[in-house]
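Working notes for the structure below.
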Amino acid sequence: MNRDEGENPEVGTLTGDEVAKHNSKDSCWVIVHGKAYDVTDFLPEHPGGPKIILKYAGKDATEEYAPIHPPDTLDKYLPKEKHLGPVNMDTVEQEKKEDSPEEKARQERMKSMPPLEACYNLMDFEAVAREVMKKPAWAYYSSGADDEITMRENHSAFHKIWFRPKVLVDVEKVDMSTTMLGTKSSIPFYVTATALGKLGNPEGEVLLTRAAKQHNVVQMIPTLASCSFDEICDAREGDQVQWLQLYVNKDRKITERIIKHAESRGCKGLFITVDAPQLGRREKDMRSKFDDTGSNVQSGDKVDRSQGAARAISSFIDPSLSWKDIPWFLSVTKMPIVLKGVQRVEDVLKAIDYGVHGVVLSNHGGRQLDTARSGIEILTEVAPVLREKGLEGKLEIFIDGGVRRATDIIKALCLGATAVGIGRPFLFAMSAYGQPGVDRAMQLLKDEMEMNMRLIGAASIEDLRPDMVDVSSARHHGAGPTDSLSETAYDKLITPYQMLKSKL
Amino acid sequence: MNRDEGENPEVGTLTGDEVAKHNSKDSCWVIVHGKAYDVTDFLPEHPGGPKIILKYAGKDATEEYAPIHPPDTLDKYLPKEKHLGPVNMDTVEQEKKEDSPEEKARQERMKSMPPLEACYNLMDFEAVAREVMKKPAWAYYSSGADDEITMRENHSAFHKIWFRPKVLVDVEKVDMSTTMLGTKSSIPFYVTATALGKLGNPEGEVLLTRAAKQHNVVQMIPTLASCSFDEICDAREGDQVQWLQLYVNKDRKITERIIKHAESRGCKGLFITVDAPQLGRREKDMRSKFDDTGSNVQSGDKVDRSQGAARAISSFIDPSLSWKDIPWFLSVTKMPIVLKGVQRVEDVLKAIDYGVHGVVLSNHGGRQLDTARSGIEILTEVAPVLREKGLEGKLEIFIDGGVRRATDIIKALCLGATAVGIGRPFLFAMSAYGQPGVDRAMQLLKDEMEMNMRLIGAASIEDLRPDMVDVSSARHHGAGPTDSLSETAYDKLITPYQMLKSKL
Amino acid sequence: MNRDEGENPEVGTLTGDEVAKHNSKDSCWVIVHGKAYDVTDFLPEHPGGPKIILKYAGKDATEEYAPIHPPDTLDKYLPKEKHLGPVNMDTVEQEKKEDSPEEKARQERMKSMPPLEACYNLMDFEAVAREVMKKPAWAYYSSGADDEITMRENHSAFHKIWFRPKVLVDVEKVDMSTTMLGTKSSIPFYVTATALGKLGNPEGEVLLTRAAKQHNVVQMIPTLASCSFDEICDAREGDQVQWLQLYVNKDRKITERIIKHAESRGCKGLFITVDAPQLGRREKDMRSKFDDTGSNVQSGDKVDRSQGAARAISSFIDPSLSWKDIPWFLSVTKMPIVLKGVQRVEDVLKAIDYGVHGVVLSNHGGRQLDTARSGIEILTEVAPVLREKGLEGKLEIFIDGGVRRATDIIKALCLGATAVGIGRPFLFAMSAYGQPGVDRAMQLLKDEMEMNMRLIGAASIEDLRPDMVDVSSARHHGAGPTDSLSETAYDKLITPYQMLKSKL
Amino acid sequence: MNRDEGENPEVGTLTGDEVAKHNSKDSCWVIVHGKAYDVTDFLPEHPGGPKIILKYAGKDATEEYAPIHPPDTLDKYLPKEKHLGPVNMDTVEQEKKEDSPEEKARQERMKSMPPLEACYNLMDFEAVAREVMKKPAWAYYSSGADDEITMRENHSAFHKIWFRPKVLVDVEKVDMSTTMLGTKSSIPFYVTATALGKLGNPEGEVLLTRAAKQHNVVQMIPTLASCSFDEICDAREGDQVQWLQLYVNKDRKITERIIKHAESRGCKGLFITVDAPQLGRREKDMRSKFDDTGSNVQSGDKVDRSQGAARAISSFIDPSLSWKDIPWFLSVTKMPIVLKGVQRVEDVLKAIDYGVHGVVLSNHGGRQLDTARSGIEILTEVAPVLREKGLEGKLEIFIDGGVRRATDIIKALCLGATAVGIGRPFLFAMSAYGQPGVDRAMQLLKDEMEMNMRLIGAASIEDLRPDMVDVSSARHHGAGPTDSLSETAYDKLITPYQMLKSKL
C-alpha cells in the first residue's frame, strides 16, 4: 500500500487502523457499506448470536452482512449515537482469503454456464442454480425440513393426480386471466414470499418485482426480504399489485406499524404466516454453515448460528400467536386477510368462522414439519367438504409448494384453488440468470399454461372443473419419495461373491 | 474442379453462383432436389419460421428439407412462377461440415450394430435405434410431453393389469384374425399414424405400407407423413387396407378436399385427431434443436423453430374444432369416422350420440398432455360403463400407447377393445433396420400373440373376456414411473462422511 | 497324430475318418458317448431342428447332446439299424476350440468360488451359480417369460403379505412334519420338477433324489429330465416318495405307457402340467444361444433352435389337452392326480367337480405367461372362496414359484396350502456345489422353518392359521418389480448441465 | 524379551509359559484380565461352543472375551477351584497379528472421523458408526433378520403416516415431559435394552446410564449387557429410573433371583421379552464371523458359533414360556410388568385379561421374524380396537423400532402410545463418540421434539391426538423397502447393444 494514501485520510473520516482496535466483545466496531458502527452493546441481542459478529470485530463485515439484512436495519435497530460515520476504505486492509477448492470449482462451472435459452422448464433453473450458486446460498434456498420428504412430496404429489381431458372443445382463444382477492392477474399464479433474496442475486427481491410487473402477476413481499419493504414497494410500477407476507412479532405494536405501513403503501392483501411458530431445522443449510463458523451446540448458547440463516433472523416471531388474535388483525386493517400455512380442513372451517378472506394450503415449501402433507393433497381434503357444506366461495383458497409445471397449476384450479404460489423456481431463475431468468421462467409457465388448457379442453379458468382430474390415488402414500438419508446409511446385504471381492 | 466443367453449364440451367447471390431475406433462393426456388415472398408464411430457411438462402437445402416435407409440397404451396428450374449441381459448392464428435460416435456405433436376428422383442428395436439414429430424428421420435410421465406410463400401465388365465382349454388351433371397421386383419393391431417417417429412413412411410401388406395388417396414413399421401396409397397392393389420420385444417375446404381424395383413393376409415388442438411441447426434441439454429424465444417470434419439428409444421391445425363440426364430417364422407384421442367416458358416450363409428382411447403417445391417463386405463373406465348402459358394440373402441408385447394387446382385447394401434416400435424398427426390421417386429408380435393366446386359454379373439384379467390395481397411481428430471435436479442428503469426502 | 494308432482300429470298430465322411444332410453320422449313429433320416424330425445336428455331422456331438437328452433317448427313438456301433475315439480328431473370453472369465471366477459354508440362504446359491455356471445353462435355468415380471413377482409377492405373530405360545418342541397326498414329509416343501438337470451338473437329477432322501422330502420327477425316468427311480432309497410330473403327449398311447410305468415303479402322485400348451419364450435363454448357432428366424423353419432348449425339446406336448381328457386320466391310474399350473379360482372349482385330488397354483416359475399372477396371490383368491363354499379339504392345494425363505412357506401354509414346491434354488445349489449344495439348501430351510415357526407362535403345521398373516396388500400391483428392459431402453431426461457435458 | 524379566516371576504368580502348556481340549487354560482359569471341564457347556475357546487355549483371551461377557461371569459360572490366580503378563507372549487390509482401512477412516458437531440427526451417527466401528461389532449391532425387510420397514413405516397439523395454537411454552409406569420423564422416549454394549465401546452400558441421567430419561437394563447388572445399577444417580429387560431362563429359580434382585436394586419396571423364544438369524452378523473361526454347520454341533454372537449367548432362553406363566411373574414382584414384543391386537387384549401393566408393540428391531409388521403399524391396529372396546388406559402401550426423528415419536403418541423405545441410534452414537455422542443424540431429539410439537400445534403431550395424523396408507405394503438381496442376485435383462459390449 502506498504510504501517502494511508497517511492522508479525509477530515472527519475514520481509518481502518482506528476501527481495527475495537476487535473484542469489550469494544466491538464493525464496518458496513463504508461506515463504522459500535455494536458492543448490541452483541448479546443480535438474533444471529454474538459469535458471527465478533468474527468481524474491527473489520469490514459488508460481504457477510449485506445479503441477510435489509439496508435500513442499522437505522432501525442501532441507536444513532452508535453510528460512527464514514471510514476511508483505502485504509482498511482487505483480507485476502484464498478461495476453497469447492468455490474454485464453482467458478470454473460458471464459465460454462448454459445460455438462458437452454432452460426449457422450471426444473432446469434449479439444475443450473445448483451448479452456479454459492454454497451457502444454494443450501439456504434448496433445503427442507428433516429428511426433505415433504419438500419432495410437494412436487411428486401432483403426479398422483391424473387428467381426464375433454376433447372437441373450441379452444382457439384461451383466456387464462383470473381474479384474486379482487385484483386481476394475467395467469393464476403469484410470486410467493421467500426470504433473503440477495443471497442469490445482489439486487434482491426488486428483480422479482420487475419481472412480476412485466408478466402482470402479483408479488407477495416477504417479511424477511433482503431488500427493505419500501425498496420493494418503490420498485412497483403502474397498477401492479403487491401483497404483504407477515411474520407476527411478539411486540404487537411493531406488527401493527408494519401492517399499517403496508396498507398505506398500497398493499392489497395481508398473508399471515401461521405454520411457523418456530422456523424449521434444515440440515442441508446447517451443514453448509459447518466449516464457516464452527458449531456451538455444546456451548449452551440458545440461538445457535450453525442452525442456518433463517432461524438466526427469526427469533422475533411470536410462537403464542393463536386464533384469538385474528379479530385484532381484522380490526387494524382493511386489507383482505389470508392465513398462510393452513393444513387441515378443520382449520379452514375455523378460518371461515373467523371471517378471514382466504387461506393458503401450504407446508411452507417443506421447510417446517417433515411428512406434513402437500398443499395439493390438503386441497383434495378441503374442497369436497366445502362443497358438501355449501361453503364454496366463502373464502379464497390458495395453495403453494412443488408447483413446477402449468399442469400442476391446472390440477389445483380444477380442484377449487383460486391460484397457486410459486417461490423457489423464481429464486433459482434469479440466482442463475437475474431478471431475464425470472422473465423466462414466467414466460415458460404461460406457454405451458396456454397449451395445457387447450389440451385439457378449457378455454377459460372457469372451465377447469373437478371432473377433469382423477384424484383417486391422491392421498395414497405408499409410493412417495424415497428416504435418501436412510438409504445411504443402510448397509446393503451382500452375496458371497461380493463378500470375497470386498476382502481383496 | 475442372474449369471446363464449370464454364459450360447446360442451356437453361442455373449455376450455383447465380443462386448464391440470392442469399438474404430481400431475395432468397434455395435449391431442393436439384431445382431452384424463389421463396422470398414465402418467408413470412413458412410454418417453421423464416430463420431456418434463411440459413440455406442461396444454398442447397435438400438434406434439411427432404425428411420433413412431402415431395409434392413445393408444387402445392409455391406458385409456379417461383419455380426457377434446374440447377447444374456440379457448380454448387458443397459445404464441407465437419461431423460433430457426437455424430462421429454415432457412426462408430453404426459399425457394430447388432444383426437384426438379435432383436427378440419390440423394446430391442428402441434400444438399437437409440444408438444408431441421428440425434434430431431420435429426439423427434422418442420424445414425449413435459416430464414424459404419461409416455412411460403408457407402457407401465399394462403392468398393473394381471392375467387370470384359463387352463385345460383346447388351444391347438389359435385364430388371431379379427375384423375392424368392416375389414379383416390377420391380428388385432394396426400401424398407427406417426409423422415424418423420412427422419428415420430415406424411403419413409411406404416401407410401413409394404410391411403391413406382408403381414396383412391395416396401416393408418398420417397427415404429417414425409411421403405424400398418394405415394403411400400407390405403395398399397391387392386388397390391402389403409385408413387416413386427419389433422383438421382451419380451412375446411382443404379438409374436405383431403377427405374426398382419400375416399376416392380407397381409404376405408377416417381417424380424426381430437387430442391435438395444439401440438405438444417435447423438451427432448426442443433440446436436440438447440445447437442447430439457436433459440429465438426472446425475439417475440410466435412460431419458434426451437420448439421442434412437429410444432413448426402444425400451425395449420384448427384449435376451434368441436363437437358441432362432427355432423359435417359425417356428411362429406361415407368412410367410417373414428375420433382419435378420446380420454374420458363422458366423451365416448357423446361420440355414440353423435353417431361416429369408433373412438381411439389415446393420449397421442404421451406427446401432448403430461399425466394424462393411458389408453388402457381409460378403457377400464369406459368398458364397464358401456356394458352397464347396454351400449357395447355401439361403436368400435381402439386404444394406442405403450403397446410393446402381445400380452398388452391381449389385455386390451379382454377389456373390450377391437384392436390396438402401434406406432413408435415400427418407426424404431424401420429406422434401425429398414423394412426387414418392421417385418421382424410384426412377426415377433405374431409369435408372441399365438403363444400367449394359448397360455391364457383362448383359441380365438372372441375367447378373450374381461374375467381373464385382474384390473383391481389398474387405476392406482402410487407407483408409476419415477420423475427422472426432478430426481436428477434434487440435491440428495448426505452423511458426515460424504460431506468430508466432498471437501477433499 | 501318430499314424500307427490311426491305422489299427479294433476289429468291428469305426474310425473317426470313416464317420467324418458322413458330414452332410445327405448322409449324416454323429458320435455320442463313443458310438456312431446314422441320423440322416431323423434330421427332419428332430424336435430341435436339423441345423443343430448338422453342426456335428461327422463329428463327436456328446458334449452338446448329453445334458439335453436322457441316456435312453437314442434307444427309444432311433431304429436299431441306425446304431452303427462303437468308434475308436483315439482316431477321432478332437476339435480344439479356444474358449471365449467370457468362458475364460468364468473359469477364473471358479477359482475363487466361495466355500459352501458361505451360503446362508437360498438367494446365495443363485448368486454363486450366476458366476460359476456355463452361460447357456445359467440362461436356461434363470430365465423367465418376456420381461420376467412374473418371475420376479413370484418372490416379491411374498413381501406384500405380513405376519401377525402370536406370542407366549409354548414352542419348545416344534414339529414341522406334514402329510401330502397321503405320505409323510419332514417339512412341507417338495422338490418340484425342473428340466435338463445335467446342464447344471453332469450327474443330473439323481443328485436331487439323494438329497431329498437325506432330508425326507418328496421329489417330483420331470418329464424333461436329463436322466432317464428309470435312473431317477433307481436312485430312490427305502420308503422315499417320488411323484411324476407329466407333459401330455399328443399320442395318448405314449402318455398311457408313461403313466403306467411310473405307477409300476412306485410313483405316488401324478402332476399333470396344464399351464404349458406351448413352452414359453425366454429371451435371456434365446439370447444366450445367439452366438452358437446363429438365427434362422428368417428361414421359415418352424422350430427355431434359437428359441432356446426347452422349446426345441417340447414339440410333442399336446396343446389340445382339455378338461374333457381328465376322466381318462382318472381311469388309467390309481395315483392321485394333481393339476399343475392352475391360476384362477374358477378352475379350482372345476378341478373339484372333475374329482382330481389336488391343484398346484403356479405360473410355471414365471417361464410361461408374463404378468400372470403369483401362486401365493392366487391362493389369497382361492382359499376364502373354498372356505365360504365349504369346500376346504376337498382337494389338496400346493403352490410353487418364488419360495426362497421359510417365511414364504409359512405364509402359504397359513393361507391354506398343503405344501410348496421349490425348483430353481435346488438347481442352483446343485450347479454350484453338487449334492452337498442341495443338502445345505434344504438344511437352511429347515433351520429357518424351525426358528420362524417358533417366532410366529406355532408348534405344529396345524397351528398355522389365516389370522397369522395380513393379506390386505397381497393383491396390490402398484409396486411390483420394475421393468428393467424398459428402463434400460428409456432415454432419460437431462438438465442443461448434463446436456453441455455430453457435448464435450 | 529380556531374559531376566522372564526368569523372575513374582511369588505365587503364573508365567505365560506355564499357561501355554495347557493348550488343548484335554487341558485348557485361558488368561482373562491378567488371571488364569482352567476351563477344561467347561468346554462342552460353553454356550458359544468349545471351538472359540480352544482358539485361545494357553493364551490371553481378554480381547475376545471382554465385550461379550459381563465381568462377573467367571465368578458366577466357573467353580472357584478353577480360578488359577494372577499371571505375570510380562511373561505372556503377545501375539502380533497383522491387521487385515479391511481393519487397516478402518483405522485410516478413523483418522478423518467427522467431529461430533457434524452430526445433525440420528441417522448421521449410524453413517459414522458404519465407517469407524470394528466389523464384527458393526455387524452385530446393525444386522436384522433374513432380508432385513422388517428392520428397514420399521423406519419407513413412519413415512406412510402423514401429519394433519393444527395452526394458530399458542405454543410459546412446550412441555414435552410425561409419565411412564408411574415415573416422570423429560420426554416420551426411553433407552431400550440392547445387548453387548462393550462391542461398541469398552465402557459399555454404563455410558448410556450416565447419558440417560443427564437428560432425565429412563434406561432399560438388558439381560445380555456386557456390563454386569449391578455395574449398571451402580452407575445410576439420584432419582434416575431404570427398568429391567428380562429373557426368561429355563430355570425359573434363576429367573426369580434376577427379578427379585432387580426389584431390590430399585428397578421400577419389568419388561419380559416375549418375541424371542429363539434368537433370530442375522446373516450380516453370521457373515462377519465367517473369516474368524470358520463354519461348523456341517459338524452337527448344535450351537453354531458362526451364527453370530447373540445366538451363542442365548441358549438359556426358555422357548416354552407361555401365557400360563404370567400369573407367576405377577406373584413374584411388585414391579409393573410389561410384555415386550407383542404384535397383534388379540395378544394386547389377552395382556389386559392377564392383568399386566403394559405392552411394547415391537418386532425386536427387525432382528427376529422378517416381514413382521412394524410397531407403529401394529399400533394403528391396536389403538382403535381399544378405543372401541372402552379399554383405553387399561394398560400402557409402548412401541419401539425405527424411531429416528421426533416426528416418529409424535406420530406414535398421537396414535395412543405412552412412549417409544430407542435402541440402535444410541449404540451407534456411543460406538462412534462415546458418552458425548449419546448426549448429543438425546439433545437433538429434544430439539426436534420441541420444534415439531410447536409445528403440529401441541403445547403438551396430552395435545397429541389421533386426528393429527392421517393413517389411511399406514397398512399399505406395496411400497416398502426393496429387497436388496434379491435385486443383487437378479440377472437383469439386457438389450442387444449391451449384449455385444459384454462380449468385447
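The first chain written gets the first letter, and so on, giving A, B, C and D; residue counts start at 1 in each chain.
Definition applied: a residue touches a chain if its C-beta (ideal position, glycine included) is under 8 Å from a C-beta of that chain, and two chains touch if they have at least 3 such contacts.
Keep in mind it's a predicted model, so treat the numbers as computed, not measured.
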{"item": "C-alpha-based rotation, subunit B on subunit C, 0 to 180 degrees, nearest 5", "value": "90"}
{"item": "Farthest chain relative to subunit C (centres taken as mean CA coordinates)", "value": "A"}
{"item": "Intercentroid distance (Cα basis), subunit B paired with subunit A, Å", "value": "43"}
{"item": "Geometric centre distance via CA averages, subunit C-subunit A, whole Å", "value": "60"}
{"item": "Shared interface positions of subunit D, touching two or more other chains", "value": "118, 123, 127, 147, 283, 287, 290, 476-479, 485, 488-489, 495, 499"}
{"item": "Contact footprint of subunit B on subunit C as seen in their complex", "value": "146-147, 149, 274-278, 280-281, 283, 286-287, 290, 294-295, 297-298, 306, 318-323, 325-326, 339, 341-344, 346-347, 350, 368-373, 475-480, 483, 485-486, 488-495, 498-499, 502-503"}
{"item": "Subunit B residues touching subunit C - in the complex, by the definition given at the top", "value": "100-102, 115, 117-118, 120-121, 123, 126-127, 130, 138, 142, 147-148, 152, 155-156, 158-172, 283-284, 287, 290-291, 404-405, 407, 440, 443, 447-448, 450-452, 454-456, 467, 470, 472-473, 476-479, 484-485, 488-489"}
